[in-house]
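Quick one: structure below, then a few questions.
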Amino acid sequence: MMEDRCCHRFAPLSKGRIEDGCNLRCMYHGMKFDQDGACIEIPCQDTIPESARVRVYPSVERGGWLWVWMGDAAAADPDLIPPVVGLDDPDWVLKPGQLDYEANYELINDNLTDLTHLGYVHNNSFGATEEWARILPTVRRTERGIRVTRWIPAGRGLSMKEDGEKGLADYVGLDWAQWNNSDYYAAGVLLLTSAMYRPEDMPADGKSQPTAQPVNASFSNHILTPIDERHTRYFFSFGPRAVDGDEQMALGLVEVAKMAFNEDRVMIEAQQKIIDKGAPNEVIIKADVGPVQMRSVIRKLIKAEGGETRAADAFTTEPGAETMPA
Amino acid sequence: MMEDRCCHRFAPLSKGRIEDGCNLRCMYHGMKFDQDGACIEIPCQDTIPESARVRVYPSVERGGWLWVWMGDAAAADPDLIPPVVGLDDPDWVLKPGQLDYEANYELINDNLTDLTHLGYVHNNSFGATEEWARILPTVRRTERGIRVTRWIPAGRGLSMKEDGEKGLADYVGLDWAQWNNSDYYAAGVLLLTSAMYRPEDMPADGKSQPTAQPVNASFSNHILTPIDERHTRYFFSFGPRAVDGDEQMALGLVEVAKMAFNEDRVMIEAQQKIIDKGAPNEVIIKADVGPVQMRSVIRKLIKAEGGETRAADAFTTEPGAETMPA
Amino acid sequence: MMEDRCCHRFAPLSKGRIEDGCNLRCMYHGMKFDQDGACIEIPCQDTIPESARVRVYPSVERGGWLWVWMGDAAAADPDLIPPVVGLDDPDWVLKPGQLDYEANYELINDNLTDLTHLGYVHNNSFGATEEWARILPTVRRTERGIRVTRWIPAGRGLSMKEDGEKGLADYVGLDWAQWNNSDYYAAGVLLLTSAMYRPEDMPADGKSQPTAQPVNASFSNHILTPIDERHTRYFFSFGPRAVDGDEQMALGLVEVAKMAFNEDRVMIEAQQKIIDKGAPNEVIIKADVGPVQMRSVIRKLIKAEGGETRAADAFTTEPGAETMPA
């Protein structure tokens, strides 16, 4: 991907014209660049200075999204791209969506790594119950992220919506035990598998991985791209397993998800505004285990790259602090 | 009144849910608070840390408004609430309104404590004449404010509106001597009684308190709540004595007032923008006696509380300066 | 022209009332000023302080615009007003327009002193071809500006628009040699004469001034008034010689120009946003000769007045640098 700034007079190259199939002409004064960012034509001039070049970022298409490496190009490593499920994956039927938040991406990460809020924020959209807040998830570190899992016993996580509109229960059923597995990859990707099981297939400890076949399953990619400190673009896709549903069902799930994400957005943007006024120390509770681990992973990676973490970071308490779950 | 910020993750408690009639649950992660601000429930957790508490401000309902004490709770004193006239006062028939200004509250205080502007700014809405600028008011200090009074001789303060719409004269009459008594209470409350008298009942000195019974009278509360340095919420109510008019008349007066306050707003917001560009020293005139005394009261109270007044305060000249009325 | 700020309480004098034909009353508290800015009336007060005065800027009406001298009034010199062509000039039929840019005026100056961009930015509106980028203009310094001239050989600068709308060619013809003469006057005025000649009347060197009579000619004034560092008001007028066209044609040309200026605006506002993010060094090319000379003129004049030029000035390379045309 090419920097959106001509090296001549800083005109936006996004308003440029593709020529010869692979080159780009700046449509302000006509400088033309090849796909490595080197200027190959300056109207009215034969000599092209060595400095006439725009930055090109290593980028890879994966799962229907373009993954751009913003750092040192030599260190670009496509293996670091999380295993997102693409729109063309034969095992799933996913449909995409996106929305913008006026909030820092970490506040959305908090939301995604802690589903405690489902019964409070998404009772209307998903038809979720407060049971989500009463059961602690299991959280463990992974190589560059965390895995958050949680069983909700049969019939307790979802309710039918009263208004006649469709909630999650209309798509996945009301009477099953629900297993959620959220794989968070730093800095802003979360892959969520949600599967429904026969009540007898839920493990006795209420924590272990499922071993039986699910009744049905759905999957969602959540990809956060910071625009700046206070704005984030949220890309997502959502849908059922191919054996459980079709495009129609995927579109229905995306509609429900959009309603839910807008509920999140209202809450998170309000939270951001409050934080911007200068928030004092916060109280950490057991349910914060996901967000706390998530932030710890990010800080560790930033330090490993020699970067500085913000002094004003929320949730800076290291895991293991007294209020954390044992 | 409770701070609009959960002590957990700074979610807005204004989006919370009232439970048990008197408690509030944060609708992001479900923490529940009693009316003293103490957390009484954390989902998924038995122990509640002492620090899990949100600030509660002492507040009292008076005259239809909620009066919130923002400072040290121990010092809260309901006797400091100005004697506003409530919507349910049997002697008056008042109707309420409110609007927001993009301006510091002191600029609105200036406007309220100096009615010189009536003939210039409110000739269209109130039908006021320039006579208001030609007669100096009498100003004296009160315990925590000032009292500004002014007689306008019979038939000189108001005119009938030419456009057929109703101005003040339609409600209070054109031929009376008008007595205005504005009681300003720091920091942002002004209570205005306006009464019409038979010409022969106006005192010879044109300054003394009226002693006769008025032909009719109206009353207005003006309550300014700073939102921030550049925004103010303006609450008001307006209407006639119960013996002089009914709800219909009160509603008519509020309509006229809204038109007038919007005329003020346009002027004051423009004034704020000009000041924001960095205004030099201003010229103080005799008619400024109200605003100058008002600002002096505020500064004195701020100093008494150990606070600092802004260096950029306008009107910082102490009363008694050469251009002030003797 | 009078400063838009009353010396009393900084109310906007633009909301004032003209009295006595030549005086202005502030419509907040009623102070009245004569045309020299001296206060001549304060309601309720006989003595008028010497300091009661608002600044008046020397100003002259010329060509339908008001020219305001913002600096030391004693140094005001009407001879410095560029020789704009007025709407009432008998030799031309001009019609006016204006628009606001969210950009520094120098970026618009760049655009006006370098018509390289015509084929890229204005192919749609003007029907201009990329030939404009392939032919270097001739630039020479003038007393307080620069003159930029350029011949485009017959039939190569304009094309008919494909969409059936009118482009420049519909007004000035397609088959002529085109001579453009742009006279830039610091800081923000550019007067552009564009004339069409028979092919045989274009000088052999493709650079000399025309000597024959043109087939037709049009003229445009471009006047940039900075609002602040990031906003500029753009006044212009455009039209044919009186012998070549009428008001209808002038209005048509203004319509085409508005479309073109909006194309410029989109590009320049995007450029400004990119620069605001902190732009690195830029590459200077031969086609920049106009803008580089223009900026050099401005910097020289600022220095002559003892002012400071911004460190972040773009295009600070002095003319004669290696990448400049010989």
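In order of appearance the chains are A, B and C, and numbering begins at 1 in each one.
Note that contacts are C-beta pairs under 8 Å (C-beta built on N, C-alpha and C of every residue); 3 or more make two chains touch, one makes a residue touch a chain.
Keep in mind that this is a model prediction, so the values were computed, not measured.
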{"item": "Pairwise touch network: line, ring, star, complete, or other", "value": "complete"}
{"item": "Classification of the subunit A:subunit B interface as same or different, half of numbers criterion", "value": "different"}
{"item": "Cα-centroid distance, subunit A relative to subunit B, in whole angstrom", "value": "48"}
{"item": "Residue list for subunit B, restricted to those that touch at least two other chains", "value": "none"}
{"item": "Contact set on subunit B toward subunit A in their complex", "value": "4-5, 7-12, 15, 25-31, 39, 42-45, 49, 51-52"}
{"item": "Complex contacts: residues of subunit C adjacent to subunit A", "value": "110, 114, 116-117, 119-121, 130, 133-136, 266-267, 270-271, 274-275, 279, 281-288, 314, 323"}
